[in-house]
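Order as written gives the chain letters A, B, C, D, E and F; numbering starts at 1 within each chain.
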Amino acid sequence: MTQSSAQAPLNRILLTGAAGGLGKVLRESLRPFAKVLRLSDIAEMAPAAGPHEEVQVCDLADKQAVHDLVEGVDAIVHFGGVSVERSFEEILGPNICGIFHIYEAARRHGVKRVIFASSNHVIGFYRQDETIDASVVRRPDSYYGLSKSYGEDMASFYFDRYGIETVSIRIGSSFPEAQNRRMLSSWLSYDDLTQLIQRGLFTPNVGHTVVYGASDNATVWWDNRLANHLGYAPKDSSEQFRAKVETQPMPAADDPAMVYQGGAFVASGPFGDE
Amino acid sequence: MTQSSAQAPLNRILLTGAAGGLGKVLRESLRPFAKVLRLSDIAEMAPAAGPHEEVQVCDLADKQAVHDLVEGVDAIVHFGGVSVERSFEEILGPNICGIFHIYEAARRHGVKRVIFASSNHVIGFYRQDETIDASVVRRPDSYYGLSKSYGEDMASFYFDRYGIETVSIRIGSSFPEAQNRRMLSSWLSYDDLTQLIQRGLFTPNVGHTVVYGASDNATVWWDNRLANHLGYAPKDSSEQFRAKVETQPMPAADDPAMVYQGGAFVASGPFGDE
Amino acid sequence: MTQSSAQAPLNRILLTGAAGGLGKVLRESLRPFAKVLRLSDIAEMAPAAGPHEEVQVCDLADKQAVHDLVEGVDAIVHFGGVSVERSFEEILGPNICGIFHIYEAARRHGVKRVIFASSNHVIGFYRQDETIDASVVRRPDSYYGLSKSYGEDMASFYFDRYGIETVSIRIGSSFPEAQNRRMLSSWLSYDDLTQLIQRGLFTPNVGHTVVYGASDNATVWWDNRLANHLGYAPKDSSEQFRAKVETQPMPAADDPAMVYQGGAFVASGPFGDE
Amino acid sequence: MTQSSAQAPLNRILLTGAAGGLGKVLRESLRPFAKVLRLSDIAEMAPAAGPHEEVQVCDLADKQAVHDLVEGVDAIVHFGGVSVERSFEEILGPNICGIFHIYEAARRHGVKRVIFASSNHVIGFYRQDETIDASVVRRPDSYYGLSKSYGEDMASFYFDRYGIETVSIRIGSSFPEAQNRRMLSSWLSYDDLTQLIQRGLFTPNVGHTVVYGASDNATVWWDNRLANHLGYAPKDSSEQFRAKVETQPMPAADDPAMVYQGGAFVASGPFGDE
Amino acid sequence: MTQSSAQAPLNRILLTGAAGGLGKVLRESLRPFAKVLRLSDIAEMAPAAGPHEEVQVCDLADKQAVHDLVEGVDAIVHFGGVSVERSFEEILGPNICGIFHIYEAARRHGVKRVIFASSNHVIGFYRQDETIDASVVRRPDSYYGLSKSYGEDMASFYFDRYGIETVSIRIGSSFPEAQNRRMLSSWLSYDDLTQLIQRGLFTPNVGHTVVYGASDNATVWWDNRLANHLGYAPKDSSEQFRAKVETQPMPAADDPAMVYQGGAFVASGPFGDE
Amino acid sequence: MTQSSAQAPLNRILLTGAAGGLGKVLRESLRPFAKVLRLSDIAEMAPAAGPHEEVQVCDLADKQAVHDLVEGVDAIVHFGGVSVERSFEEILGPNICGIFHIYEAARRHGVKRVIFASSNHVIGFYRQDETIDASVVRRPDSYYGLSKSYGEDMASFYFDRYGIETVSIRIGSSFPEAQNRRMLSSWLSYDDLTQLIQRGLFTPNVGHTVVYGASDNATVWWDNRLANHLGYAPKDSSEQFRAKVETQPMPAADDPAMVYQGGAFVASGPFGDE
């Protein structure tokens, strides 16, 4: 995949959350897809904007700021917001209000395609001996998961009402390596994540498609047959990390990390105020 | 159903939204189920508290107020919040924050059963020639529907995490009469609504059960077989209103009121700020 | 149901097959639904056209004749063609060509609603201990059943392509009485048939709906849940004929009349030319 | 239903378990179905054989005795064996060996129809907020339930291999009255049980049909749509006993009697030898 | 695969449509499967019959001619008839009458296996973001698709009635190369087509099996799990043509070629006579 | 896979049936998984116990002997009992009583994981043109199949009641080579069998998982998606034996070996006493 942005298929892609863990990766890997990458985060970003880049600090909870951010882009890759479990109040602004701001801005500025970083935590309370596809009733495992579930609903609504198309990626665990036993199943390599975004951006007629974001791991709980039309074909596998991971002590059989697809999130917090 | 609250099975039920359309009905019809009904609304209520009643004004968006409200009750019948389509911003406080406040308060005060007034608008974008049950992927038709869908997720989460049980009633159209062609399908009589709440309060082991709230109408789009354990047996039918309704002019074939289960909601608004 | 055609909801209904067994019944029972009934058959009809009636002899295999027949009607109740098992060649003209002529004429003359007399023989090779709904793969049991299956496909195509809506009724056995053991399951009373046509004509937004035509019999192999939106509620039952039917000698256990839903049709013919 | 056995449709029915609780009921209620009822139990029966009755003591674990018992009958209504939870060893002879003896005797003596008293305990580990039909994977709750599950498999095998047809009735709780909260769902009246056996004996072509045995109760966990061809239409309902039952103290929320469809059986025993 | 027809597993295969685009390919690739290939088309064929070949001109609409054609063959590979959209009248003879003639001839001459060239156009009105298998209700997109759907019904009927087995291949787009964006999904290489026919001819006990004919493309809308028993394992992929295809201008988002699985066929014609 | 038992993940595995055909294979291939293999069979074993081995003769029908056998092991790989069709009486002790003894012993000695050698004969009456997964209703084809079905029920019961986890492997045909046409589908290589056992022993949280035991053959009737969490990835294929197998004469089309998944078992015996 060469980097010659001049021949890139899209003019301008907005990447939110560009200063985050995955954002930094995507800042590089999305480069071939657009002539210009508009990068945004609530925090200042380093390095500063390079060639074919625009950098714009933006608080997703600020409606006007989001509308300014979205103006002039062809597609949105929305990785911004809180990406771990936090209290309801901390998640409300960036994730709940944020997703509304993104879609309402997309509608007003005529953006027709969104890639939404959803999460396995929208179905985290399914058990690890269950195989599920995208048609199951969601079972969010955290306030974070609840906000991502709300985001999928928002995507569904803006497609049914306004025809804005979205691919919601229920990301498993996207890190350089699978770090524990659960990640042997949920791991998503950076290359496979990039492929998913590419397929999401360039497949025609996706409506609102939900796809699970996992690599070609030996054990996967997620069946992507309802997203066949994306043609996602993961190239990596967590098997390369198995030996290393299995030197870790085995957790107790009833440790949520071993029982539920959402792992430790199902028991995180509570973030109430006791 | 006699009114002798002394023998009522529950000690104290909280009814939110008690000054609203359905709230006024339930203020009467729930009386036999508890020794005391605690009635709440954001607005002042008339008449004032009668025997076996407590009245407490409460803004659902105010976390502390909700925690005070919930203290000491055995069950919550949650009909409060915005019940029509409004802008995202108007719905955020009472419905999104409100549902979190209700469940977090329930957790902290040990309340184990909630009846949640969800809505057909969580699945409003299904067409009227489709028959759906409670296992379908939701398709909300409005910001209002989005907030109710979030509420169902919240109920699922508080059951999976904390064991608080909920019956979410996807209310069709609960009015004294079916007022138009769509309501011939979606109508829910006050008596049948009351029965649903009764079944929801007193059926043991409901987990998070989703049930569609419609009477025994001739045409119903909703299949309640997954809620068989509630034993809901509607007694009323909209057929009594058919002759009157059918004197109304027939809407155009592509009028959303005739095409989608959510009716006019699917085209309401937008409540963006243009 | 009074007969005051002046207030009838439709202006003109075309009834094909009006001289046949069911046609004669419908000539009477459809009267309240239209100001004028246009009656057609390949044979001369007796009695001649009465008030609010038009009579037009028509060979369904004759394209131009069908186009003339359809001109000026609001809806078509298509019961014409061969209604028993015959050779492929005998069925080709009236049923295969006939159904194309009907739909193409409907398209050219702007008719938006068709009631199609399909048949249980499109699924006749399912066994009598199987319960099926409208989503199963068809298993036609005869050349007749094949032609009705083709008719359902034609209805599907004209809806998907041109928006002409159809209710296809998979008629069981519509006679004054259930005449044998199989008909205790498949019997459809004339009143219930009329109700089905009424629901098919006046329910908005039916797309292409397939409904099984059976009365409220004690044993029915057919599950109509996918046609709930029609609100069909059969009023009659074959139980009234059970005692009489059960005086008949029991057929052999492997008699197709006892094994397959299509009964004797599954073994009729062959109508090849040996 | 008159008692004139001379016109009874079958010549001779074998009823096993005739001295048991349900056996005594069926000794009366099956009378119209056969000219002669052959009654059997491991225990002596009182009263002795009346007109149109034959009485034969038989240990189901004794293969030769069962073969003698089955000779000359047209159909078998198999209610014999252990009908409560016991140790594996106590159940092995009468239930495991017994069911083999019954079917092998049926094969050798040309009996073509069996009614098998299976039990809800073959699916007892499903929860009370789940609705199940006859296609679910069984989850037996006891050694007793295991033996009934084995019996259903035996019935399936003798149909697939030898064409002997069976209706397996997964009996809920068949008593004069519903005695506790769980039975409000699982109750099966004696009349409805008799109707089920009648439908099972006289419906042609049942293959191996599994049907849940419950009356028309307000809450039933079991969906009989796959047995529609039997035409079972329960006439009784447990609602008549609700008021009385609800005076009983409410069991704890985690009492198996309130959680699982199999009720207390899921926690009975163990009948190991500690 | 050597060409030594002397060891070929079948004695004589009839290939209809042998002068057509795919026919010419199969004339070569089916050679190893039979000692003699009988080649037929409505047109004269060039080159003339070679070794191990017989050539017979035949109009499929001519019953006697088809009966003569089928005499003496062991299996039929039926690719004859109209293979593009045409008017109903043009399709009637070769496709509707033709398929009846083929099966009736097979019955009379004892042929037990047919490979039927069905088409993706029997399900063409499904959208490209839907994944379907062979159990879905068909949605034909053209008169051509209607005739193929009728052919599948005919195959089903002749199996249920007479035990003649068929593999119906719903061919996607079988060309030397994928020529446009839609064909990246629907492309079927000639080698994979040949493999499908081979599997269809030599797999025992196929009943009436429906299989989708597509290569191992990155995006396929069709799930062949119900045809697993064929063991079809496509070897080619359209990815080799992607770069070239993607230089074509992107069609409009609502171009049927981009929306529906049937592509442009869904909007072809009409072939009525206006 | 090195043989250094000292680093083996488990301390002691019990392998029953260790003198049988598969037992001898597993005696070698399971070596890396435990520091000590306890080997048992009803027959004397040769060779005698080697290093890291214990040998214990045991009749599975002898409860006390089984309890002694199980004491001190961490996991049980249960391949003992009768593994071909025999009379009911011959199967009763080792298979029916045997499986109870194994689980009851596991419960008493705190063993938490069992690998159960179930069999394709629990579903042997499905046809070879049907694709099934682990959720289908079983259709045992023999007394042997009935005993394995009972074993799966026992595994389900001991998990639901006592939390003992099991992987039931429905073994196809595990031999050095595929020996006939049916085995081209059902063949399971020894290496793939070993992999299945390894996955079954070391995957956390399997509950009661049912997995079909077949290699990566070209035609497989069995869909293992419900066991995805095991991560079983077969490495071998029966294609290597196809040429040799296809030199065998083709069985008749109605030979059970060609019709049913269970092959010849569906017609074996009967082992009644005629």
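One rule holds for everything that comes next: a contact is a pair of C-beta atoms (placed from the backbone, for glycine too) under 8 Å apart; a residue touches a chain by one contact, two chains touch by 3 or more.
Please read these numbers as outputs of a predicted model, since none were measured by experiment.
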| item | value |
| --- | --- |
| Smallest count of steps, each to a touching chain, taking chain B to chain F | 2 |
| Chain copies touching (chain C, chain D) - same or different residues, decided at half shared | different |
| Distance from chain E to chain A - Cα centre to Cα centre, in angstrom | 42 |
| Centroid distance [mean C-alpha coordinates] between chain E and chain C, Å | 33 |
| Chain A-chain C separation of Cα centroids, rounded to whole Å | 52 |
| Set of chain A residues in contact with two or more other chains | none |
| Pairwise chain contacts, counting only pairs that touch as defined | A-B, A-E, A-F, B-C, B-D, C-D, C-E, D-F, E-F |
| Residue ranges of chain B touching chain A (in the complex, touch as defined) | 88, 92, 96-97, 100, 104, 107-108, 125, 134-135, 137-142, 145-146, 149-150, 153-154, 156-157, 160-161, 266-267, 270, 272, 274 |
| Residue ranges of chain D in contact with chain B within the complex | 127-131, 181, 185, 217-221, 223, 250, 253, 258-259 |
| Contact set on chain F toward chain A in their complex | 112, 203-207, 209, 225-231, 233 |
